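Naming follows writing order (A, B, C and D), and every chain is counted from residue 1.
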Amino acid sequence: MHRIAVLTSGGDSPGMNPAIRAVTRTALHAGCEVFGVYRGYAGLIQNDMRRLEYKDVGGIIQRGGTMLLTARSPEFMTPAGREKAIENLRWHGIEGLVVIGGDGSLRGAAALTAEHGLPTICLPGTIDNDMYGTDMSIGADTALNTVLEAIDKIKDTASSHQRAFIIETMGRHSGYLALMGGLAGGAEAILIPEIPDTTIEDVVEVIKRSFRKGKTNCVIVAAEGAHLNAQTIQDQINQIDAEESGFSFSFRTRATILGHIQRGGSPSAFDRTLATRLGSGAVEFLLSGKNGGLVGVQSRKLTVTPYDEVLANPKVLDAKLYELSKILDRY
Amino acid sequence: MHRIAVLTSGGDSPGMNPAIRAVTRTALHAGCEVFGVYRGYAGLIQNDMRRLEYKDVGGIIQRGGTMLLTARSPEFMTPAGREKAIENLRWHGIEGLVVIGGDGSLRGAAALTAEHGLPTICLPGTIDNDMYGTDMSIGADTALNTVLEAIDKIKDTASSHQRAFIIETMGRHSGYLALMGGLAGGAEAILIPEIPDTTIEDVVEVIKRSFRKGKTNCVIVAAEGAHLNAQTIQDQINQIDAEESGFSFSFRTRATILGHIQRGGSPSAFDRTLATRLGSGAVEFLLSGKNGGLVGVQSRKLTVTPYDEVLANPKVLDAKLYELSKILDRY
Amino acid sequence: MHRIAVLTSGGDSPGMNPAIRAVTRTALHAGCEVFGVYRGYAGLIQNDMRRLEYKDVGGIIQRGGTMLLTARSPEFMTPAGREKAIENLRWHGIEGLVVIGGDGSLRGAAALTAEHGLPTICLPGTIDNDMYGTDMSIGADTALNTVLEAIDKIKDTASSHQRAFIIETMGRHSGYLALMGGLAGGAEAILIPEIPDTTIEDVVEVIKRSFRKGKTNCVIVAAEGAHLNAQTIQDQINQIDAEESGFSFSFRTRATILGHIQRGGSPSAFDRTLATRLGSGAVEFLLSGKNGGLVGVQSRKLTVTPYDEVLANPKVLDAKLYELSKILDRY
Amino acid sequence: MHRIAVLTSGGDSPGMNPAIRAVTRTALHAGCEVFGVYRGYAGLIQNDMRRLEYKDVGGIIQRGGTMLLTARSPEFMTPAGREKAIENLRWHGIEGLVVIGGDGSLRGAAALTAEHGLPTICLPGTIDNDMYGTDMSIGADTALNTVLEAIDKIKDTASSHQRAFIIETMGRHSGYLALMGGLAGGAEAILIPEIPDTTIEDVVEVIKRSFRKGKTNCVIVAAEGAHLNAQTIQDQINQIDAEESGFSFSFRTRATILGHIQRGGSPSAFDRTLATRLGSGAVEFLLSGKNGGLVGVQSRKLTVTPYDEVLANPKVLDAKLYELSKILDRY
């Protein structure tokens, strides 16, 4: 293999830049040429790519986002779109493709390989940490620290006021950020899509009990896709005051919606190291003929899990940690 | 004056702890005894106060929130409530009171002085920086840096996606955080209550023009109390896609609501220094017989502005900075 | 087991507080009483301990350092010292002991168990990440991020000046922080005790080559215990200018010695989660009769490794990462 | 004036990028062309400059360092060097020059104006905050927050160990960072070049007294150019143990040398706003015929102070703050 390409696709995540850097420099070191494709699969279709040299990926290791940009490409979801993409790749003489992204991006790579025989390999890049075949995805650790910083700040003010606060994290289908952030932040309640066992009455009860037992604050973390969303909880909490007379203080609150700040920020040490290992490993696998799968770190070892297996299996959240948070944070 | 008390009131702000520390230690150094009152005016009424020694305020200079807690006290707004408060203060032999808080807190101190002749002095503690009589309030600089960090993170991801994002800052009546955050963060549009000159059509136009001219991202910062709120802007932006065909990418977005994280965090160097100078100065003024006003730093000098003057004058935002942001960030 | 004690010993590391919290609350939840021992083994000898309730460990999860303090205790290294310790423990009716610390601390626990039959269990708390029996130690991730932040900041200024800079990390016998920090920070040279293969001439050559190839900066990371220390490298770099005429700029530099700031700071999400799992797991093991070893996370599973095995085996640094850093950062 | 140039010179400081951005965009908005000169006066001599458009200064507002680079230029200190510089400027038709830097940089600008009549104007860019004619220099606030973060981290670990620690800040001739950092960080002793009144015996006495009175830690901040340097203090502290038997713990310590990390980092809100106001103001002054001086913010107003006056007057540190730190932090 003498020429490979690399692209980032789907939602960006912190650590994509160090991954691009590791892919590029490892390939160059192995004597390969590297093309960077801009704006994901859209750029593949529009032939928006250029040669990357050693220096082109200098000074990016500490940057959030992705220097190759990313975009949605409805066209690539059609066979005709992928046809165009493969023509462009062939025109450039590109023999292998590294894709950094989430499940959707992996599906695209899988289609290219299945339909056109192009060797592809994927890296898990998503803050939701919801990909099967790797213990951690690139970006999840940084996003988690962003969530945690927000919880810590809320607690400063919550403790001063004896108040309850709600924080909404990203995660339409994944409770990873909410669960781990809540556990590491010491949240009194955590609401995640995977475990819809908490009713709004439970939440209100947790708050009341916390204050009755003398806690100075109460923080509720809810994933974007939880069965109870931040707005609902906020509305309910805002009504506590009126109903109840046992407390001397108001429960009125306003939810913090973290939104896209969770995707930004300089990648953490963990994410840079993970991205570097995965990026370098992906190239080594690709050059040695191993492709058609997701490169991950599992039990500290680099692994390649076939696309089919990745897509067929959900990544299961560690329910024990949810139980642990109950033991440690409620009483 | 041999015994003074200190309390924090209203919304907390980062830097209240260093202020408490400076008040306490300066007073002790001057031979005074110091009482810390818990939960603001509510604690004054409930006689919830205790002696503070040098060590009691150790290890708090870097902490967000307020070790004395704060609370709303509807009762203190009545003459009867203030009567109770003054009785408690007299019972303890307290001859002077230092209040750290915003306009509402200052009103309370002013009433105590007017009705009962108790010498009081106030420190400006509010992240909104909207108090007349001081160039900067304690907490505004830290809150501004929190806003800025959020903008920086959003820009990482916005640039990777060519997307528009909205950030809502605190400020029901004050555009300080939104304006300064937007200026320091390079936001394409800033919406603040003081200058309601931007229509939703303007915002949409700014976004389109930004992308047409080749910008890779577009960030809109709106104060909580702006004439156009984050939700309205979000809804409008989400409709751009459908109407228009000129762009290859979606404008769908979800607003980030920073909320109370802006009140938290370790106080910045600026806020700690400001709080330290104001806290120390307040005690010196109080002991030298100067009271009944807000201690501020104006043009680098410590000043005391009478309560009446503070309450009669609005703090005017620097409109020139708003114009400057237009020159620097739109084109 | 109805009553257990917990202590922190040796150099502190960020995450000890969440570990104490998890130990305490898990034990209380299981119906056990918990004693916190102050200042490590010294406190055990001086009978400096007190009951910990649920609330006593509230508000510490985000704090660096250890609320139980830590100290060296030469006396505990003697059989007589340990005799006193065991008497105090028995006097309180304490049936099991959780020790959080490094290798030295573990040796102490092992001696207590061996000599007096007291069930003890250890948690790995050291920023050096040099303990056998766990993939990561509590504190290493936070310390690494502190190192990384320093490297990032140095690079800002180094790039503006075309200069070479040296950063000394902690690690008298362990190159973990220097290696991982250098890898994640993109350092041009990394010097660690485990791999003394770089001569001072090599370092100078790396610097010259970097600048000749057009790099705008050059960062060297050296562990405190590396065969070449920061001072030596600094002195040598400062002489480049005089010897050589090929560069238009000066090489004069001043090393940054990070020192003890690497032990401080709010624990990262990773360290809090690790500490929480280990702390909770340690209590479960102890109560279920499993003791006499180090609780670790290995390949995502909680394990207990017998003291003898921990002490007999060095934790080996991943030499492949050292090679990887050469491939990615030098050319 | 139709064409101006901008350069950064001397040691870099965080906020130079937002200053460059404000200069460029304000000038473009006024209908001027702007040239960016690379590597300071060296680039002026080597004709290393290029046109800057609106987008060229996009995405830099949050970056530390300076996109225009900076370098020392011994040649520019000679009349012949400046002659070359002026020829290059004239060749490009450049009619005015904006210089961002410290005293040395200002001297260079003053010489260009004095010898060749070129209108120049300077912005204060130095973390030492030691320039007369402005309340604050660009970069000082960010550097101060970096120092403070280090002090906070040291305190975490110092409190856990009952130990004394030393932190060396930048400042060969200026004690600004050490004084303000020590005040905001609650340091027990502060050593600065401006006030050489503390002997090594005093320092040792402060440490002993702190611990005797029950403090859990003791932090000493020393400027690089203080009469007692970090190494001297460290050596002396390391000897306390041997001499004295009153303490149960060791005083052995290792100084943290912050070094160049103080120049790096994303500029704070304060520095970005200051740089933006100064950069924009400098262009307005220059275009309106006002030049030959340092643009500063004094008492919240933009001012221009003639070069002679800037160079003739030292910036005096606020000695009252030094006294305040003694009152608040020692006892």
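One rule holds in what follows: contacts are C-beta pairs under 8 Å (C-beta built on N, C-alpha and C of every residue); 3 or more make two chains touch, one makes a residue touch a chain.
Labels paired with UniProt names: A, B, C, D = ATP-dependent 6-phosphofructokinase.
These figures come from a predicted structure and were not determined experimentally.
Steps from chain B to chain D, minimised over paths through touching chains, total 1.
Chain centre most remote from that of chain B: C (centre = mean of CA atoms).
Per-chain CA centroids place chain B at a distance of 38 Å from chain C. Here the CA centre of chain A is 33 Å from the CA centre of chain B. Multi-chain contact residues, meaning those touching two or more other chains, occur in chain A at positions 152, 155, 159, 216. The chain pairs satisfying the stated touch condition come to A-B, A-C, B-D, C-D. Remark: chain A residues 18, 21-22, 25-26, 29, 54-55, 58-59, 61-62, 135, 141, 144-145, 147-148, 152, 155, 159, 180-181, 183-186, 214-216, 266, 268-270, 272-273, 276-277, 280, 299-300, 321, 324, 327-328, 331 touch chain C in the complex. Those residues of chain A that touch chain B in the complex are listed here as 8, 11-12, 14, 16, 42, 63-66, 69-72, 146, 150, 152-162, 165, 216, 248-250, 254-265.
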